[in-house]
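Below is one structure; the comments refer to it alone.
Chain lettering (A, B, C and D) follows the sequence in which the chains are written, and residue indices restart at 1 in each chain.
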């Protein structure tokens, strides 16, 4: 199997989807000549031209909304919001419009729109360029929410998102773009709503998303050295959530750590913890541990940033705590 | 050419018929709401029928539009049956949104109604996107956005017009300037309240000003705007001056509004203008009026005899 | 003690704060001549004039942002966002600006801004006029979040919010405005961050917010008939959260129901459940029950709306479930 | 009267000194970033110094401003010490935001710097609010917003200018039109990219167009605008035409930009314009230049010897 980066995997999926269906087109700020601020869309302008690879003005509300309208009119737009922090400018369209048109119309319309965005700390971007806001979207009926962590997943899931007839908010992570991983020769769609077990284990289940998947695998390896067998699961899709897979793992290990880079308070881990304590109450031998960013905006100075953002150590420590060590 | 023809008597008669239907429909809605039969809260566009009919009659099959919280007129003028519109207000399955939407969320996709929006400005970007799709697929279709003067203050409005002009999408923007945003008079909410066309200058967008109380004038202006957009020359801002006869919502005591302002509005009734323009006899007019009244009565009957959804239906239509 | 409505209580607090400090002023859509779409600000224009009771254009982003700027420049603005659904239009300013100016400036600035808003189902407003979005704000460091449920609380807490030197997002509920309750003769400030026990009990703790407080009290009375003693606690402030009070109650009753009108998935109840399963793990005799709106936008037809929105019955049933009944 | 006086030699010399300091500061920042000493990502305003200095020199004590992601120039021009600005870029406690902000979040409240904003348009509403506070308290202060051409496309821009004009807040809007929004040229992002003054027409707002490469012209225009706002006559839109010499961010390969465009920009250097206008000798100029270079070197020294925050400091300053 070829090895490609997460960045290349996203690009692959976009290009393949655009080749397969001329109704697919992409728009966003600086995605054309520059190939996107993260270099994800490099080369697409040359292959598909400026009608299907559209540089937009700085108008997060209108470009998401235009995507909604184009989608309702039969296209399959993929909109890029440069940073998650700027989702705050388009939420009205995402939450009140994209998520609700089908419902409010009693099923007359569908909105096959994909909104790609990315964020993440770890490179001193400051407080307005690193927020992880996926939890907000999970609270909104009508949306699907994806957050893949590997090249294979991001490629297969983005394909599925683009061809899904519902609005999908597709989260990528800044630090994952250069990460390499093996992928099938040709794109194999990965259905939304299925979790993935990246590491089997028997003592503790770590449920992690995005960059925390890799940090958790690191922690798991370290724990192995202490004779602790850790299972690492990535839900991959946060909405709909593969509860069955998570519950099954917990019933096996009886201990859980939930890890994400977003602020712990009211983060996605809260929902996972609430679900698991409910559905696996009698199987839990220890409180569910949550690992997330400390309760603070992201400071610029690296020493402060590192203190706030969770890494392998925080996961490792949480694993030990679930075992009372 | 066919499109350029000015309004003939037969057409104007049709416009009057439509406006009468909308007027009587909304008066009936007010009555039924006061009688406690209609859930939620509603907004009527009494006095603004000329805009709805003028614009919607100028549209062609395949054109689409997005409306606002004040949506009954646009919806009826575009051909949705009063029975189904009324049924929606009663929350019935036979409603045009099958009971999921309500007065502020009337949808009739078959007739190009992509939805009434209860968020001010919320419907505009989608109209730009639909107009973009029409342009990308080179279809002779136009997407129409209805909105009010108050909506020109929201960022969504700015981003939408800016993008539409930049990309020359097949879109027209119909601003119904009734000089009120709920209780807030134009002068209190917008620095250019008395000449909304100025908004278009910020985008180098073509704009056309028209008197919304004269349905013929609205029709002609809308024709022109639609042709411009359809031909791919770019979007048009239609600056329609009109009047809100009643309150913002049904039951609004309008404590904020002077008697003079209300009376002045009433003196600019699009029904009178059309009636005069047509030089129609009283008998003739009453006949049209009765026809409208009967349709509206029938609509109420239809709606009341409609089917309530099942509670569990609330969990349907969330995802495609 | 006099009895006043929740609506009058909000008005009282606003008027008193404006009398006490001329830096306090209010702005929002239709709050002047009309007195607000909920009638909350009726009469304030007459007493304070149009400079301090400002009708605004429909510009949710700018009026929140103007509040931020005025606050940084020494005023204590109170901004009204007519419906929570429209918070989606101002989140950029709330989340990236109001919540972070103090932090990003290293403590140079403060933002004494209060943003009042309201929402709630139960009157067929449709899908865009009834969302309960308080959970989103709880996820944002730098903000305080209040959601009072009684006239006394809303009056005393609004006073505290206005005089708090931080941005406070103050949630009111459409159906609570006409609710009456006793209040002290003169306003007694109620500190943010303190929960309130509305009913003492020994068998089950119900933690409820907003309208669910009243629906939970109803359920508790009904349960009493079955010989079940229910404690009802209202956190009142969601951020900072009075975890100690909640934990103490749970350690007494060993059973918990968390109830809010917001969608259950990723709602505030998830955070409460995550906190309690962690801090009171060994005291819990049953899974923490969550009661919230079903996972759907709000349908217009009353029968569907009632099916989605939680009432006393859902709380009562949850109480029984925690007791295995 | 004092304010009306045109720029004298002494002032112009001061402007040149300031511009040189900013230019050398940012060149040094580029160098130190490439050397891997500076965390995060940075944007320099090389070529746009005339705007920063012209406007900031025209401001008075008590005036406040909000800047953008391209904030070094505005900050230095308003009098913040290069040592503290540089220390911020190194993430030190001595930094003007004490290490919490970084290049895109420079604050110096004492000097009226209410913060650089990394969200396009994000700083504008607060400037309107500050201008409102000044007006309500009848203070002779003005709030200034800096932003670029790309920012005129965001809804926040529209709502802010609309509200400022409606309420006649003591605010001025300084649009630095360098014809680029990252990699997107003006013609690709705005229908009125070549005449941004048109944006002001949508609000009936006074606008002044000026060449940003001529610091004297900018100063005069800013003076005029500030006086207008200060007097309570209302906000002003300052349409400043300028040039971005380098990439959008430090390290930007500018694959999207032609050599011609880069060269053309370099031919409009505000330093040259001021130097000629002043008719200053080479020795004299080099003296100023060396002075600037020394300050910048010293700033780097100061910054490197600064104190790193403690990790736990990350949990401070969240709430007042």
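Following the convention adopted for this analysis, contacts are C-beta pairs under 8 Å (C-beta built on N, C-alpha and C of every residue); 3 or more make two chains touch, one makes a residue touch a chain.
Please read these numbers as outputs of a predicted model, since none were measured by experiment.
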### Summary
Top of the farthest list for subunit C, CA-centroid basis, is D
### Query
What whole-number Å value describes the gap between the mean CA coordinates of subunit B and subunit D?
45
### Query
Taking each chain's centre as the mean position of its Cα atoms, how many Å separate subunit C from subunit D?
40
### Message
Using mean CA coordinates as chain centres, what's the gap between subunit A and subunit D in Å?
### Response
36
### Message
Need the CA-centroid distance for the pair subunit A / subunit C, whole Å please.
### Response
30
#### Entry: In subunit C, residues with contacts to at least two other chains
56-57, 59, 61-62, 85-86, 89, 92, 96, 103-104, 126-128, 141-142, 295-297, 299
### Message
Multi-chain contacts only, two chains or more: what residues does subunit B have there?
### Response
97, 99-101, 105, 117, 119, 122, 153-156, 159, 162, 166, 189-190, 318
### Query
What pattern do the touching chains form: line, ring, star, complete or other?
complete
### Query
Considering the complex alone, what residue numbers of subunit A touch subunit B?
25, 51-52, 54, 56-57, 59, 61-75, 77, 92-93, 96-97, 101-112, 141-142, 144, 165-166
### Task
State the interface residues of subunit B toward subunit A in the complex, per the touch definition above.
64, 95, 97-101, 105, 107-109, 114-115, 117, 119, 122-134, 136-137, 143, 155-156, 159-160, 162-163, 166-167, 316-320
### Query
Which part of subunit D faces subunit A closely enough to touch in the complex?
39-41, 88, 91-92, 97, 99-105, 117-122, 150-151, 153-156, 181-184, 188-190, 255-256, 308-315, 318
### Parts of subunit C lying in touch with subunit A, wherever the complex brings them together
85-86, 88-89, 91-92, 95-96, 99-100, 103-104, 126-128, 131, 133, 135-136, 138-142, 239, 262-263, 265-271, 273-274, 277-279, 281, 284, 286-290, 295-297, 299
### Task
Over in the complex, which subunit C residues touch subunit B? Could you list them?
29-30, 32-34, 37, 55-62, 85-86, 89, 123-129, 294-297, 299-308
